[in-house]
Every structure is written in structure tokens, then in C-alpha cells.
Amino acid sequence: MIELKSVGKIISGKTILNSVTLSLQRGEVAMICGPSGSGKTTLLRTINRMEVIDSGDIMIDGVSLYDEGINLCELRSRVGIVFQHCNLFSHLTALENITLPLIRVKKLTKKLAINIAIDLMDKFSVSHRRDIYPDSLSGGEKQRIAIVRCLAMSPDVMLFDEPTSALDWRLRDEVSDNIKSLADLNIAQIVVTHDLDFACATGNRFFMLNNGTLTEVDCNTLACQSTDRVGRLANSVRQSSMLEMV
Amino acid sequence: MSLDWLSFMMIGGWPDGPPGGLLINIGLAVSCFLMGFIFAVPLALLRMAGGRISGFCATAFIEVLRSTPLILLLFWCHFLLPIIIGINIPPLWSAFIALTLYSSAYQAEIVRAGFSSVPSGEVEAAQATGLSKSQVFINIVIPQGLRRMTPASASFAVSLFKDTAVIYVVGVIDLMQSGLIAAERNPNKMLISYLVMAAGFAVVGMVISLIGYKLENRLNFTRKVVSE
Amino acid sequence: MEFTYEFDWSVIARHEYRDYLLYGVAYTFIIAFFSTILSILIGIVIASGRLSPVKYFVWPCSAWVGVARHIPAVFWILFFYFVFPEILPDSLGSILHSWGSYALLAGIVALSIDNGTYVSDILRNGVLAISSGEREAAKSCGLTSKQQWVCCLLPLATRIVLPALANRTIHNFKNSSLCMVIGVTELTWATQQIESLSFRGLEATLVATIFYIVISLIFGSVSHKMENRLNSCRYSAKDVLNKPSLSVPTT
């Protein structure tokens, strides 16, 4: 379904991605974890060509993103991305946010687009907020709208950039459920996160990205890392309290 | 009869004769603001996304006009442009040309700031859903940019109206000039005609500010919350 | 419509015209410099009036700014030159009238009043832009109220205010050309003088225009550089922790 073949990316002399290889089937959920600055977001952005790669190749359904004469807009409409800060269009209502790409890219009639949008909003129980502007939506609602905006385009691949970072811990389970329900729709998903517990609870394949190198791990390794991190966190808290005493 | 000088300062000879006084200031400010905006949008776009040469030309045009004093620009349009092109230009038209050039340069910068203040995340999100470049521009950048630039545009409109006071130096009989004439003809009314000049600018300026403020509030989508 | 004008640069090289231009440049700088200084003083006074806790200071200053920001600079210039001496007592008025440099003084005062209104607005916004959080943070560190202002709040406000102030100064520099309407012998006046004496104003005006553009661009780029430097010298938390003096002692 989606294949990354030794993808390399260099930004101003620094290797961000180093020969990253990944292959994913429909319905699979890949969780990519790694420390801040390890290139997670860059990797995600290469998959719908928001970032151009320097070497390697990316294929979706056997078609390379870098084929000559590929329709970039059509491609992007098949690859949905949910941004970290949702990036809803702030001058449009929740409903208009969802219908805009349906009307402009898929060329649906306005009526049909609204029907599709309200149907999906119902599934994510946000249809009562349809006429609200993004600034007045809560963090969880924004994210659900952003997910619906991508989902309405009936994508083959969904990408999530740090979906839990802007949410409080109660909403984390909800995001996890949403992602799992998308997997049932036969959508391949790649989720970038540094929340390891969330990753274990949500995904069915796990990867660590470190200094631009991607390695597949199993859930237990991640869980270990997670406890390891708690230890380190406790350490750093201890250190900083010493600093205060100085 | 005794209030002739006041109507002279407000509307000149209008409606029977040529308009003058405050009417000229308002008319010029409005028309030059609109004309300036029409030129400003392509200028801003060229500066933001034009090629190397066209971008440079737009930048040079904007910077030159922004750093030339308005009064000097007026002299260019009134005394020197006729020498260059060999056609005499009536004072009102040279004032119109100068103010239009001036307002197009300033507004180009306002438009540019408005367009570039649209969050890049939203532009990316729009591209990511498959909208083409021109669709992103029409559906996201223009509507948001226009709203974001209203405060700056409104305050520029106020200052443009204020700047129309300078056009009297090329002989347009605007509020300034007619006030000076009135003061000269009745020396005992000097103070009052100066006060009328100041009041004319202040009152119209405040009205423009108020309109801008109302417009700003109306377009401000973040505050527009539809109650459930 | 074709270009028929032939440039004759020898005109501005002739010494009487050259002197007009040189004096013009000097006067332009004098007007711009003194009116900017004076306008900053006026701005500080009005801004502190508007920010003061005393009600009787606040509303006159606010009302003044509300009205004065709509009055054109050229009006102030004409007002101070023609009307102001008339409303003074006769003896004082005639002294001003007969004084040769009165036009220069009137121009400087008028521009200061015009610019001062804007400066006061900029300063007030700068102070208001310091969030209450920053104020509380300074207080909670145990700084006295004088230390709060000197160490934290004023430097912060300066950083906010400086770009706008630089912009106003460029504007004020360009506005100095308005003083020609009362016969101050500054640069724009000089170009018109040369035009009326020699009918060769194009060369002089071109030189003057280039002068204004160059000075504005130089000042603009200097202020831009300064702004960048002020913004880049912010410490990040990492810098502070890496400083050796702050590291945890081993004893």
C-alpha cells in the first residue's frame, strides 16, 4: 500500500532522514516514536510531498510520488494529514472547513458535500458544533474536525502529527479509539508521537526514529523505554530542585 | 451672506460652481484610497511572488515612493511631470496622481503584511487536502488576508485624509487653501477660520476612524460566535 | 508625448544654487533632529499623563491625542507661524514676528506637536504591551518596584517600542519638508527656489528626492539591524543553565 524506499533528506548540510525504509498495508497503524528533533515530523511531511526528499523513493499503491506527470493535488487528496495544531481554516466555520476541499478538489455539489460532512461529524459527535468558528472550539473538538476534514476526502492513507500533544490525558483515549476505528475502514495510518503509552495502546506496528534512522521495534521495547523515561524524568526533577537551592 | 466664507471652506462653489474646500479633501481621499488599493494588490503580489526582475521593480517602486516626502511627490507631479511629458496637468489632477501613487505604495505594504500574516499552517493544511495553489490563494489567503489588513488599512485611510491637507501647495482650493483665503480676506476672522480648518480635519478623520473600527469588528471572525 | 527635456547638471554645480542645496540639507537635518527630540519629550509627558492613576491627567491627555492625531502637520506649521503670534499679547507677538528665525522655530514646534501625538501613542502601547504576567513575575522574584522597572519592564518596553519609534522618526524626517510652506530654507524649499530662479528645477528636485530616499533607506536598515540584534540577545533557558556560574556546586 505505502512504501518508503531508503528515503534520505538533508536540510542545510544536516542529515535529517537517513535511508528510511518502511512498508505498510491497509488497516495497519504504524506508530513512529522518537525524541524531539529526530525528524519525525519531516518524515511525515515527505509522505504527501510537503517536503521533497533528496534520495530514495516513496510509493503509494505502486505509484511513485516523484513520477513525472503525477497530479500532486489528486495525490494529496488521497493522503490525509492531521496536523499537530489542527490548522483549521480560522475564517470558516467547522462545517465549511470540511466542505471546502470536497467542493473545490472533489468538485462535489454543495448539498452533497454538506451531507457527507454532517454524516461524518455525527459519527464523531461534533455535528452540533457545525456553525462554530475554530477559535471557539475546544482542543478535542478541533482535532475531531481536523480528522473529519481529512476523512471526508475518503483517503487511503492518514497521517497524524503528534495527535495527543495538545490534548489533556482524558482525551488521549478518545484519539486512540478514533485511530483504531479508522483502521477498521482499511485506511493505512502513520502516527508520529512521543507519547509512548499512547503508542502502545493504539498501534499495531512500532518504530523508533533516532538521528534519522528508523528501526522497527515491538511494543515491549517501547514500554521499557517508557519506564526508563519516567526514571530519567524523576532524576531531572531532582537535579532542578538542587538548582533552586543554590 | 455672513456665512459665505464657511460654505466656501466646506464645499467651495458647489453645486453651482466647481467644488472646493473640505469636499475636495474627502473626494480625493476616497478616490485615491480606492485607486491606490487597485494598484496595491498587484504590487504586493509582485513583491511577494514575482520573478527576479518584476519583484525588484515592485520593491523599488514601493520603497522609492514610501521614502519620498509627499510634498516633493506633489511637486514632481505638478511641475516636473509636465516638463517631461510636455503636457500641462491641472492642479487637481496632479494632486490625484501624486496621492494615488503615494497610497498605492503604502497600501502595497499593508496588503503584503496582511497576506503574509495568514498562518502558514493553514496554507499547508489547505495544500495537504489537495487544493491547488490558486485555490489556496482564493479560498484561504485572500479572505483571511483582507480581514487581517483592515485595522492597518483603516488607519492608513485616516492618515491619507490628513495628508490631503498638503495639496494646497500646488494650488488646489481645498479646505486648507480656502481657509487661508478666508483668513486673508477677513483678518478679524483669522482665528475662527483656522479653527474651522482644524475642526474639519478632526471631525471627518474621526468619522473615518469610526467607520474603520465598525468594519474591523464586523469582519473579525474570531469574535463572531454563533450561539447555539 | 515624448521625452524632450535635456538635463543640464551644471546648474546645480553653480555655487549659488549649490549653496541653496547644501544649506537645505543642513536645515533639513536640524529640523528633523530637534523636532524628533522635542516630540519624544512631548510623547513621554502625554503618555505618562494617560497612564497615570490620576483621573484629571488621564482624560485631557486622551482627548488631546484623540483630536490632535487627526490634525495635519501642515496645519500646525501654518498655525504656529501665522496665528500663534497674533493670539499672544501684542508686544510678545511683534517680537516673534520680527525675529528672523521664527519660521524655523515654528516649524520645529509644529512638527514636534504632530509627531509627539504619535510618539505618545507608541510609548503607551509599549507599556501596556508588557503583560501583567511579566509584571507579576518581576514582582515575585523579590525585586523592588524601582528594580522591576529598571531591570525588567523598561528594557522589555524598549524592545517593543523601538521599531515603531524608528518608523515615526523616518516619517518625521520626511515631514520636515513641509516647513517649506512658511519659507524655512530646507531642502524642498531649495529645489523650488532653484526652479523659480533658473527654470531648471528637475535636476535639483531629482537630487533632493534621491537624498530623501537614501537617508530613509539608511535609517530604515539601521533600525532593522538594531531590532534584529535586540531580538537575538534574548537568553533561552538552555543558555542560562549552561552558564558555569549557575551549575550545581559539588560540595
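Should a chain be cited, it is by its letter among A, B and C, assigned in written order, with residues numbered from 1 in that chain.
Basically, a residue touches a chain if its C-beta (ideal position, glycine included) is under 8 Å from a C-beta of that chain, and two chains touch if they have at least 3 such contacts.
Fair warning: this is a prediction, and the values are worked out from it, not measured in the lab.
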Chain located farthest away, centre of subunit B as origin (C-alpha): A
Pair of chains ranked first by number of touching C-beta pairs: B-C
Closest chain to the centre of mass proxy, which here is the mean CA position: B
Chain centre separation (subunit A, subunit C; CA means) in Å: 51
Computed distance of Cα centres, subunit C from subunit B, in Å: 22
Centre distance in Å when subunit A and subunit B are each reduced to the mean of their C-alpha atoms: 46
Contacting residues of subunit C [partner subunit B, same complex]: 1-5, 66-67, 69-72, 74-75, 78-79, 82-83, 86-87, 170, 174-178, 180-181, 188, 191-192, 195, 201-202, 205, 208-209, 212-213, 215-217, 220
Complex contacts: residues of subunit A adjacent to subunit B: 48, 50, 73-81, 83, 85, 87-91, 93, 100-101, 104-105, 128, 131-133, 135-136, 146, 149-150, 153
Parts of subunit B lying in touch with subunit C, wherever the complex brings them together: 63-64, 66-72, 75-76, 79-80, 83-87, 158, 162-163, 165-166, 168-169, 176, 180, 183, 190-191, 194, 197-198, 201-202, 204-206, 209
Subunit B residues touching subunit A - in the complex, by the definition given at the top: 119, 121-122, 124-132, 135, 139-140, 143-144, 147, 221-222, 224-226, 228
